[in-house]
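A single structure is presented below for examination.
Read from first to last, the chains carry the letters A, B, C and D; within each, the first residue is number 1.
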Amino acid sequence: MEWFRSIMLPPQGSAFAGEVDTLYMFLFWLSAVLFLGIGGAAIYFAWRYRYTPGRVTPHITHNTTLEIVWSVLPLLLCGVIFFWGLNDWMKYAVAPGESMEIQITAKKWLWTFEYPDGSRTANEIHVPINKPVKFIMTSEDVLHDFFVPDMRVKHDIVPGRYTQVWFTPTVLGKHHVTCAEYCGKGHSDMTATLVVDNEPDFKKWLETGGDDWKNYPPEKWGEMQREQKGCATCHSIDGTKGQGPTWKGIYGTMVEMNDGKSYLVDDAYLQESMLQPNAKIVKGFEAIMPSFQGLLHPQDIRGLIAYIKTLK
Amino acid sequence: MAQALTHSDPHIGDRPRPAKNYLNATTGIWSWMTTVDHKRIGVMYLVAVSSAFFVGGMFALLVRLTLLTPSHKLFGKVLIDADTYNRVFTLHGAIMVFLFIIPSVPGSLANFVLPLMLGAKDVAFPRLNLASFYLWCTGAILAVTSMIVGAVDTGWTFYTPYSTTTQSSVGLMTMAVFILGFSSIFTGLNFIATVHKLRAPGMGWFDMPLFVWGTYATAIIQVLATPVLGITMVLLALERVFNIGIFDPKIGGDPVLFQHFFWFYSHPAVYIMIVPGMAIISEIIPTFSRKTIFGYKAIAYSSVALALLGFLVWGHHMFVAGQSELATVVFSALTFLVAIPSGVKLFNWLATMYKGNISLETPMLYGISFILLFAIGGLTGIFLGALSTDIHLTDTYFVVAHFHYVMMGGTVIAFIGGVHYWWPKITGRMYSEKWGRIGCSLVFIGFNMTFLTQFFLGSKGMPRRYYNYLEQYQPLHAFSTFGSWVLGMGLFITAAYLLASLRKPMDAPDNPWGGTTMEWLTSSPPIEHNFEEQPVLEHEPYDYRPRVKKHA
Amino acid sequence: MSEHTQNPKAEAAVYLKTLIALLVLTGITVGASYIHFGSGAANVVVALTIATIKATLVALFFMHLLHDKPVNGIIAVAGFIFLGLFLMFTLLDFDTRENPLPRNLPGVVTPPPPAATTPAPAPEHH
Amino acid sequence: MSTSTVDLQHDPHGHGDDGHGHDDPHHQHHFTTMEQQFDTSKIGMWLFLATEVLLFGGLFVGFGMMQARFPEQFKEAHEHLQRPLGALNTVVLLVSSWTMVMGVLSARTNQRKKLVIYLIITILCACIFLGVKYFEYSHKFEEGLLPGHYYTHHGDKIATVNGANGYATFFSFYFMMTGLHGIHILVGIALLAWIAVRGNRGEFNSSYYTPVDLVGLYWHLVDLIWIYLFPLYYLIS
């Protein structure tokens, strides 16, 4: 049975996921039985009562009791399924009071998360295991949807107001987060990673942003940060002009700004562009880049600068 | 003296073919463009919606081809980029819904067959019928212009605030949908008036064929739901032009309000799509089982019940959209009510086949395919109606598979079955039975290959409308794409042999299948005003008891 | 043809009386708007009931629904019933919608406080 | 939308009557009796009126939701509408409804002259209504009370929060609903004029007055919609 469930459904990351899967499997087997009954009857009748010329068929017009039976029985069955679904759904709808509140701000094709202590991350969340975590979400532009398949949890993110979703992770490791409400060109790229740590790792990650950057050379870590923090959606590395200037071959050159002045692209310039992007705007671009202050740890900034240097 | 009907063997009640029929009564393009004959308008609709189905189908094949591999490469080159992909799936949705599936059965088959089944000379308002067709053409032209000018990339649902802020030509497409809405309203209005006032003498409400009941129930939805779509499209267009703050939160609107407006029409719209399909199946099953329909009143009432209950459940499209919890629970409960009439219909069709004398010509093959596929479609609807499973499954490929099983496995299969069933009556020619069965098998196999896999894609957690997908989904997508080729092949073969049958001389008898409804009384193809003299109903519908053949 | 006039004089009189009734009701509803019935909602309810009475008068007498085939009456009523369904369910959603609020209103996004009520209440949960 | 209503009226000349010895030139071939044709037209018209009710209904629902979203702004915006003008318009439309129904009665009783007079009075009332509407609209234009981003009126108590201007939304709905209603009045005037011309030619009599009856139904519906618009806009204080 478990094998069959694992084919059809993602791994279970929380207790709620277990309950949803139980109802799903019940409905699956119920549908299988009903389908075999209906389909089997149709095919059996088609074969059993196949055409022989001249045979007269009985004149049966209706049977009221039968009509009542196959109206009331499905109604009762539907009632059971409805209350079962409602019972599980109540757990999804009401967040426990003591859950940690993480604020999500979704924007076109990027997730940003803010922890209770104010630290912010992009496209990556770490949460402690076996502790309820509640997400209060809003969007800066269009509809998005916070969907964590492993936790069987999903909720639309509506601009102009807040929506909420919660779960209690019970399985360590990485879980895939993805956007499930159509939001345009980068809809399918709008993914994030939910990492469930035990308590100490989580605490350490919160302060230092984790230490897995140590086992990568800076430029490789920079390249990963470019993907993870969503720089890729605006800055290209092959020279094509995106919503932001390309990174190809800019290190060490003079770049002209909107106000006519031009600056040497060096470490200081790149760091300033990341933390106060609106200070200097490259000619021909608008000031739409959000500040990555608090989003990029020192090792991330060093990694990105090292990576940009490699782009000739 | 009306030729009484006998049954048992096909090719009964043959009479010499009249020289003049509705096709050659008057000739020339102008006679077709200004016709008010419901049969000609039905044929024009059939050609129009089939071409829309072809265009929508091409977009579907392109969507499946793009998703063949996560890198979207074909022979080493990326087929289309994310933006084009969004426009392609939007146009696939918009064309299939607004231009094909809503006008298809009511516009083409019902237009042709309804007056014949009622023993009437024409629909109640013939000129309005032609106006409805020309409104469809205007809407289609506007939609094509919108496609060329800047194809819409919002999804066929036009959700705001994306649809109010995107640069693609949403304005033109919303006007096209507005006009197509009126085409649908006038068809529905016409049929309600026809059913009320133009029944043959002696034909009470419970002597009418079940196809008429299904079309009547659909007409109720068309008349009562489509105006709200009209006003929604106008509000969306005005919001884009004058920046009125109704749906866009940047200017004080509420996106969930748009979803209420949109789904108040669009859920009844899915019953505009499926109820006519069920109506056709309620005709095919008894005819090819040569047995009286089981539970006539149950099927008739369930059509009307579906139409009315369809107006109470639209919120189940918005369980995770930010709707209030109370509304979500109420909508979920009501959604389960809607499942009952569909079940009743399925069981009654099976009871009709019980102890029948079933011959498996192509229409019946499509009939049984409908029973199998609609059963899967309906049952998977239960997954989406239950609150907790819907959280995981909504907005994933599970929903895509569900509505394709109900819309394509249901309405399109029934539509093709209906086209075959009435092909001799419409064109006066029989299609090739051998090719019919080949086509049906390919369509059935291809359809299941394409969409059964998508249930698993969805339950595994792949969201819909995705261009890039995770590596792990690639095998399922590839299988689904191969299935779409088999499905496409099946449909092409079907179109080919149907058109090929037009080259043959008119060889169809009046009543090739031994049907007992009134359209089989007149010649194939019928004369211009349907019946020599007004047919009088002599027996209840689907009465297959043997009767002594009255001498003419 | 269907309701051939038995007596046009009597029918004209009925129409006149209906017109007078409508004008009187218009006066009443204008007057009623100056009186304050409890909350604002009560005023709306009063105004709409008077409007519904006027609408039924127009429908029954001016639009001949009284002596007409019942099917026309059913169609007329159906239009309003389905409009009522649409309004009822949408109001059900709008009135009972929970608006979760973050513990602090971050500067990043300040959406208009929902339904322009007073600023963020304490973020307790039901 | 106007083309549809015209279509509903059967062209009096009817198309080719095959030789079934019809008593009336307007009798269409696919109907057995004139009564059946008349009843069918009535059903068709009432169905069309139901779609109109639902079309305007969508706007009323939108208005209701926005009222719940911006209660204070809507209450304050109501003050900008002049109540006496609204009341006058209501009276004008009610009178026009009465003249319309008297017109239908006179058509049914073969009084050609009275029919034309009543129709002309109805058209005059409609023009008065549009005139009052024109005056109100110009007043709004002067004060800048316009829909969406054209709203340039100052001195509102509640400021715009994040682009959400309740007043602009109110006037958006005001112009949409009264504008759509105004378009229906214009279409009504065109239909009334068409019926008056044909009535003058004496085409309507006690056995064939369907077009007059259907235009009458349409006109009463337009009045009925104003009966609901009037309190919702002018009387909420």
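Quick note on the criterion: a contact is a pair of C-beta atoms (placed from the backbone, for glycine too) under 8 Å apart; a residue touches a chain by one contact, two chains touch by 3 or more.
Just so it is clear, the model here is predicted, and its values are computed rather than measured.
*Asks:* In angstrom, rounded to a whole number, how far apart do the mean CA points of chain A and chain D lie?
*Replies:* That gives a centre separation of 50 Å.
*Asks:* Using the average of all C-alpha atoms in each chain as its centre, how far is it in Å between chain B and chain C?
*Replies:* Here chain B and chain C have centroids separated by 36 Å.
*Asks:* So the centre of each chain is just the mean of its C-alpha atoms; given that, what is the distance between chain A and chain C in Å?
*Replies:* Once rounded, the distance between the two centres reads 43 Å.
*Asks:* Out of chain A, which residues touch more than one other chain, so two or more?
*Replies:* 159-161, 163
*Asks:* Give the residues of chain C that touch two or more other chains, as numbers and ranges in rising order.
*Replies:* Residues 71, 78-79, 82, 86, 90, 94-95, 111-112 of chain C touch two or more partner chains.
*Asks:* In chain D, which residues are in touch with two or more of the other chains?
*Replies:* As it turns out, chain D has residues touching two or more other chains at 39, 43, 47, 50-51, 54, 57-58, 61, 65, 69-70, 162, 164, 166.
*Asks:* Taking chains as nodes and touches as edges, what kind of graph is this: line, ring, star, complete or other?
*Replies:* Drawn as a graph, the chains match no named shape, so other.
*Asks:* Just spell out which pairs of chains touch, all of them.
*Replies:* A-B, A-C, B-C, B-D, C-D
*Asks:* In their complex, what parts of chain D are in touch with chain C?
*Replies:* Spelled out, the residues of chain D in touch with chain C are 34-35, 38-39, 42-43, 46-47, 49-51, 53-54, 57-58, 60-61, 64-65, 68-73, 75, 83, 87, 90-91, 94-95, 97-98, 100-102, 105, 108-109, 158, 161-162, 164, 166, 206-207, 216-217, 220-221, 223-224, 227-228, 230-232, 234-237.
*Asks:* Which of the residues in chain B end up touching chain C in this complex?
*Replies:* These residues of chain B touch chain C: 196, 224-225, 228, 249, 252, 256-257, 260, 264, 311-312, 314-315, 322-327, 330-331.
*Asks:* Enumerate the contact residues on chain A facing chain B in the complex.
*Replies:* 7-10, 19-20, 23-24, 27, 30-31, 34-35, 38-39, 41-43, 45-46, 49-63, 66-67, 70-71, 74-75, 78-79, 81-82, 84-89, 92-93, 141-143, 145, 147, 149-150, 152-156, 158-161, 163, 176, 178-189
*Asks:* For the complex, which residues does chain C have touching chain D?
*Replies:* Residue positions touching the partner: 1-2, 4-5, 8, 11-12, 15-16, 18-19, 22-23, 26, 29-30, 32-34, 40, 43-44, 47-48, 50-51, 54-55, 58-59, 61-63, 68-69, 71-72, 75-76, 78-80, 82-83, 86-87, 90-91, 94-95, 110-113, 115-116.
*Asks:* Name, in rising order, each residue of chain B that touches chain D in their complex.
*Replies:* Interface residues on chain B, with respect to chain D: 36, 120-122, 124-128, 131, 182, 185-186, 188-190, 192-193, 196-198, 223-224, 226-228, 230-232, 235, 238-239, 242-246, 249-254, 257, 261, 529.
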